[in-house]
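Structures incoming, each one as structure tokens.
Here come two complexes built around chain A, the first alongside chain B, the second alongside chain C.
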Partner chain A sequence: MKTFIPGLSRRDLFTIGLVILEVVIFSIVSENFLNSSNLRSVLRNATELSLVSIGMTIVILMGGIDISVGSALGVVAIIVGWLIQAEVHPLIIGLVAILVGTTIGFVNGSLITFGRIPDIIATLGMSNILRAAVFGMLGGRWITGLPPVFSPLVQGQYFGIPASIFVIFIFYFVFWALLTFLPIGRHIYATGNNVEAAKLSGIDVRKTRIVGYMLLGSLVGFSSLLYVGRLGSVEITVGIDLPISAIAAVVIGGASVFGGRGSIVGTLAGVFFMAFMKNGLLLLGIPSLWERAVIGFLIIFSVGIDLLINKHQAIAKFLHLKTRQSRVGEA
Partner chain B sequence: MKSLRVWIILMLIAVVVLGCTSPTSAPTNTSAPPPPAQDTQAPQSGAEQPQEGKASKNWKIAFIPQLIGIPYFTAMEEGGNDAAKAFGVTYLNVGSPTANAAEQVRLMENLIQQRVDAISISVLDSASLNPVMERAEQAGIVVYTSDSDSPTSVRRVYVAQALDKDLGYTLIDRLAMQIGEAGQIGIISGESTATNLNTWIDFMKEAVATKYPNIEIVDIRYTQGGSSEDALRQAEELMTRYPDIKGLIAVASTTVPGVAKAVENAGKTGQVAVIGYGSPNTVRPFIKSGVMKESVLWNPRALGYLNVWAGIQLLEGKPFQEENIVPGLSDPVKYFPDTKILLLGPPLVIDANNVDNFDF
Partner chain C sequence: MIERFFKQSLPALLSNRVYFLIALLIIVLIFLSLISPYFLNTRTILDILRMGTVLLLLSIGQTLVILAGGAGIDLSVGAMLSLSGVFLGILSRTGVDIWVAALLTILFGGLLGSINGFTVAIWGLPPLIGTLGSMWAFGALALVITNGVPISNFPREFAFIGDGRILGIPTQILLVALPVFVIIYFFLNWSFLGRWVYLIGVNETAAKFSGIPVTRVRFSLYTLNGILAGIGAVVMASWLMAARPDVGSGMELQSITVTVLGGTNIFGGFGSLLGTLLAVLIVTLVASGLQLAGINAIWQLAVLGFILLGAVSINQLIYSLKAKQSGLSA
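Presenting the complex of A and B:
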């Protein structure tokens, strides 16, 4: 899977190629696509999704999934809104946001490892609980008109470059380094590849899982700052399409839903492939309904491609997953 | 250790089962029951409480909103409580946190068992609710609708906030005035399946087609679950695609902050007018900052108040007049006998002058 560019797999290059192709096509068919204010808007509106998708990649690499990220972002965003209204120092708000997000991730991870509840069920449960918390915390009144305390993180410009680019670049660099050079990165890949082998080689699989969910949680926590900075309001629908978008980005970016294979660079390409697609469809005046259909098609297409490319590998993984499940059932 | 694990799993399952529907479907419908408003000096409080008009007994009147937890239905509930206090009846606001017709059926069955005297409901889906409304009537309970109607049901009266046509036309009229009756406008709605939103959009189109030849609706966008974030993105992109666009309409209440914020972010305050069906609390910051001049609504608190008053009239067998004086409401309330609609009044236009008079 190695390519001539270090650190990028063929699948990553494939997704990046798709994004470039997409940009070229939209530039030709829509005169409004390739102008700086449009690109800036696309970028700005994809910032939170980019960060959450890093965490989603980590979780999916371990063979897990988290569908509670939208509700979790909602809960943290409400807390951030309250703290802004109380005029707490932004640094403290930032720390609280990351802390709450990480705690939610810890709870998810613990339910999954110690409770042995399948990832999708545990996070579905959490998603419902947190969504109820969003209802309860807002109490039928939305938070609006927040001062732009965190807006510089998404709206600002430094040296003529939009702030979003810095934020995305820093986070992707840090997490790329973490996954590539630190033991936790290898543990995450190993856990997703083959749990038994990982255990035999002395990896603490439980700890790895929990840390993975905590990393995702911390990214969700930070993203809530960006959300509040960008919208200046928190209403009841906060984050509802986030889980699906993040999972779609990861899958389009080439990560295997069976775990063990994928990269955050691919995911970033997946995020922007979707963002440009939605943008381009709107600029072409294609009705909103098609947006969802197109995204749905892309998800199936991506997974289909993966299965074709890695047919044997995937089938082997799938069988392994089944045996693992039956073993859990006996326990 | 093992039993602990079993317990955790059981609790989780319980949470998932009880905890409403799926997380994505849950808030999806939030956009459906959008915003509100009516006449300006409506009963902000039941403060000036009427001595006359006390109910003859402590009737139990229940209301099933489409969902709970959004400002709109919270305001209706408060209005209902005001009326209950003013007239000396008991008011029950019974709702679920998700807009779900099956849930409404279940709640209504419960209320039949509880033997309340009257049930009012904001109908989500007439097909699934008509039969249970009939069962309630057979059980001797007075059934009527408010906020959202089912004309094909057995309901005695529909307590309406404003006529759909008035809402659509008023919004276009106000926007037309702001943009000098000419230019491109875009519409951003909630889910494409929300009936009430679509009805208003149809009347907006009609208003533009019949009254404003120089206004062009360039696009109608729908947002996933009425998400404000999605609305913000699409509003920004609409402004990119139509650089000369003059106005943006946010139809679902949840999309109002997103659309207003998009115009603010694009630095087009004053160039692109934003209007929508947003509640005063939602639009207040945008009216203060100048992004929005007006919002069109009715007063859901007054609607909740009228809802309870109407229930008392039905229970006491007092027929509605063509014009009714409702103690506690400043303006007379019209009744249309042929459609059995009790109408709160014309839509309310919220602007910088009156936005601070409301709290919903």
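Presenting the complex of A and C:
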């Protein structure tokens, strides 16, 4: 029940402490780490990851997973690039991006609920179909030299504060409120906690699942605007590291991969942990290929350690249940 | 009559997966011989099937891991293939005898597999998370160690496995694919070990209570998967005469697709190696057919994705129909 309280859980504080520790270590090791221009670029580069991670949190809260977000972002980014080249009004482009993203999410959600395909299989299949679409749509040539239509969303600065901070905090606030105060938020937690119990208490589990994937899709759609605004181009490897980074951010942020437990605040801390780590490795001159290996190990360890901690709780719960049952038996 | 066909005959026909796959295989063969007149002779077909050897090895392992249930899946097979290949390349570069190096590579693959076995079966991570993590870790290590550059300094006689022939049959089929398949088929279908795998997949709790060491069986299956990836790495390196660090990328999708197309239930407990073998033949032939038809290799990704989604949906439909027929509501 801790997760329903609007505030910080102990697990959130742990992740935040981890980020602070990381910042301290990197500022000691590298003198270029703690200055405003570097921190700004860290933030800028982490904007898409932070938004996609919100959606990934929602999906993981429901006990699901989505590894198609990278290819989905690629497909939407290419469409955005085309529309910018056709000089369509930015507002319409934005709407189209969100709509296409949401549609992809709807397809994923439908495959999972109506096709009864496990989340990992459905999104693995989709991921490859969409990746092929990226290759096909680009046709071997990158989209480059796009005018900076969406750059103000990431590059700009308002009241002396980088635009990406605004974007990140607005989205996190909105989705935090949605998960905490709106019925759909409780339905998401309930679905992840115990599907049968959620069904019995009248929650439309199928609808909740599909809505969850659609929310993730819409965030991916919006992130593609940020991607195009940040780079001004779409390359063939677009979004290839995105799913794994988002999953890592979410599990470092304390969400349980079994569903039902996790928080938006934890995920935000997890995103910052990932962003600082990528930057720190870069500053230390470690080849970027290592980054993937580190992310792989991080996922295994953070889930594994969570598991060790929760095993004790699970065992305690189980024993408690046992004693209660035997008491009932005696009576 | 029509209603009966849809309610009884069709599910029965489809649910006998082996017949269904053989029919599909014949359709693919007819289609391919229409595309190219040079297609239908033994030598061409054997040459195409040679390409399927590595996929068959990985898919056998994938089938066993998925069969044993508990949401079992191994996303890291491709990365293990790449990293084992790199290991072989480095050993060969340092002057180790190539056949000794090959043996060590197979053991190294087993070591990688046992890491998955440890995180998933013993530590209790969900298989998809544990193997997703190791997929990235192993795949990146292969790239980091080689700096992305293939290692190619294998002695000439090493090409024997990947490129040689015995009595006209490619060596990798005769000496690798066939024996491995037969041995594992025997174990799965005629030994208590195979019954253990199926029982664990059908009902883990019942398996535990009947004294089956569930954890140890699952650990062994992930290790076996690594060993098969190690064998695959040797075959691949011998065939290309180079150890490419990205050689296994995408193999996880292929092996999972083949496994579910072969009729293995993604939730474990049901499936057969014969189905997997037929599915490997079909997927390999379709891939070469797309090549013959001049379709870009990129679209194979999409085709595989569609086959994967389609095959799982059909499986789910069949299993729910079967459950209804036998009076158990799904």
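Just so it is clear, the second predicted complex is superposed on the first by the 301 of 331 C-alpha atoms of A that agree within 3 Å, B and C clash if a C-alpha of one lies under 4 Å from a C-alpha of the other, contacts with A are read in each partner's own complex, and residues count from 1 in each chain.
Please note the rule applied: contacts are C-beta pairs under 8 Å (C-beta built on N, C-alpha and C of every residue); 3 or more make two chains touch, one makes a residue touch a chain.
Nothing here was measured: the structure is a model prediction, and the numbers come from that model.
Chemist: Could you check whether chain B and chain C clash or fit when both are placed on chain A?
Modeler: Here the two partners, once superposed via chain A, clash with each other.
Chemist: Applying the document's definition of touch, where does A:Leu289 land relative to chain B and chain C: first, second, both, or neither?
Modeler: both
Chemist: Which partner reaches more residues of chain A, chain B or chain C?
Modeler: After superposing on chain A, more of chain A is contacted by B.
Chemist: What is the contact status of A:Ile129 with respect to chain B (first) and chain C (second): first, second, both, or neither?
Modeler: Both: A:Ile129 reaches chain B and chain C.
Chemist: In the superposed arrangement, does A:Thr180 touch chain B (first), chain C (second), both or neither?
Modeler: Neither partner.
Chemist: For A:Ile121, is the partner it touches chain B (first), chain C (second), both, or none of the two (neither)?
Modeler: both
Chemist: Now for A:Arg141: first (chain B), second (chain C), both, or neither, which partner does it touch?
Modeler: After superposing on A, A:Arg141 lies in contact with chain B but is clear of chain C.
Chemist: Name the contact category of A:Ile244: first (chain B only), second (chain C only), both, or neither.
Modeler: both
Chemist: After the superposition on A, what does A:Ile65 contact: first (chain B), second (chain C), both or neither?
Modeler: second
Chemist: Name the contact category of A:Leu307: first (chain B only), second (chain C only), both, or neither.
Modeler: In the superposition, A:Leu307 touches chain C alone.
Chemist: In the overlaid three-chain picture, which partner chain does A:Leu111 touch, first (chain B) or second (chain C), both, or neither?
Modeler: It touches chain B and chain C both.
Chemist: After superposing the two complexes, find the one stretch in chain C that runs into chain B, choosing from 56-64, 92-100, 110-118 or 146-154.
Modeler: Answer for the clashing stretch of chain C: 146-154.
Chemist: So chain A touches chain B in one structure and chain C in the other; where do those two contact lists coincide?
Modeler: 67, 111, 115-117, 121-122, 124-125, 127-129, 131-132, 135-136, 244, 287, 289, 292
Chemist: If you look only at chain A, which of its residues touch chain B in the complex?
Modeler: 30, 32, 35, 37-38, 41, 44-45, 67-68, 70-71, 111, 114-117, 121-122, 124-125, 127-129, 131-132, 135-136, 138-142, 144-145, 155, 227, 230-233, 235-241, 243-244, 278-279, 282-283, 285, 287-289, 292
Chemist: So in the complex, the part of chain B that touches chain A is made up of which residues?
Modeler: Within the complex, chain B touches chain A at residues 5, 8-9, 12, 15-16, 19-20, 22-24, 26-28, 30-31, 68-71, 73-74, 97, 192, 219, 221-230, 232-234, 236-238, 240-241, 243, 254, 257-258, 261, 265-266, 281-282, 284-286, 288.
Chemist: Taking the complex as given, what residues does chain A use to touch chain C?
Modeler: 65, 67, 111, 115-118, 120-122, 124-129, 131-133, 135-136, 244, 247, 251, 257-258, 287, 289-293, 295-300, 303-304, 307, 311
Chemist: Which part of chain C faces chain A closely enough to touch in the complex?
Modeler: Those residues of chain C that touch chain A are 71, 73, 119, 123-126, 128-130, 132-141, 143-144, 148, 250, 253, 256, 260, 266-267, 296, 298-302, 304-306, 308-309, 312-313, 316, 320.
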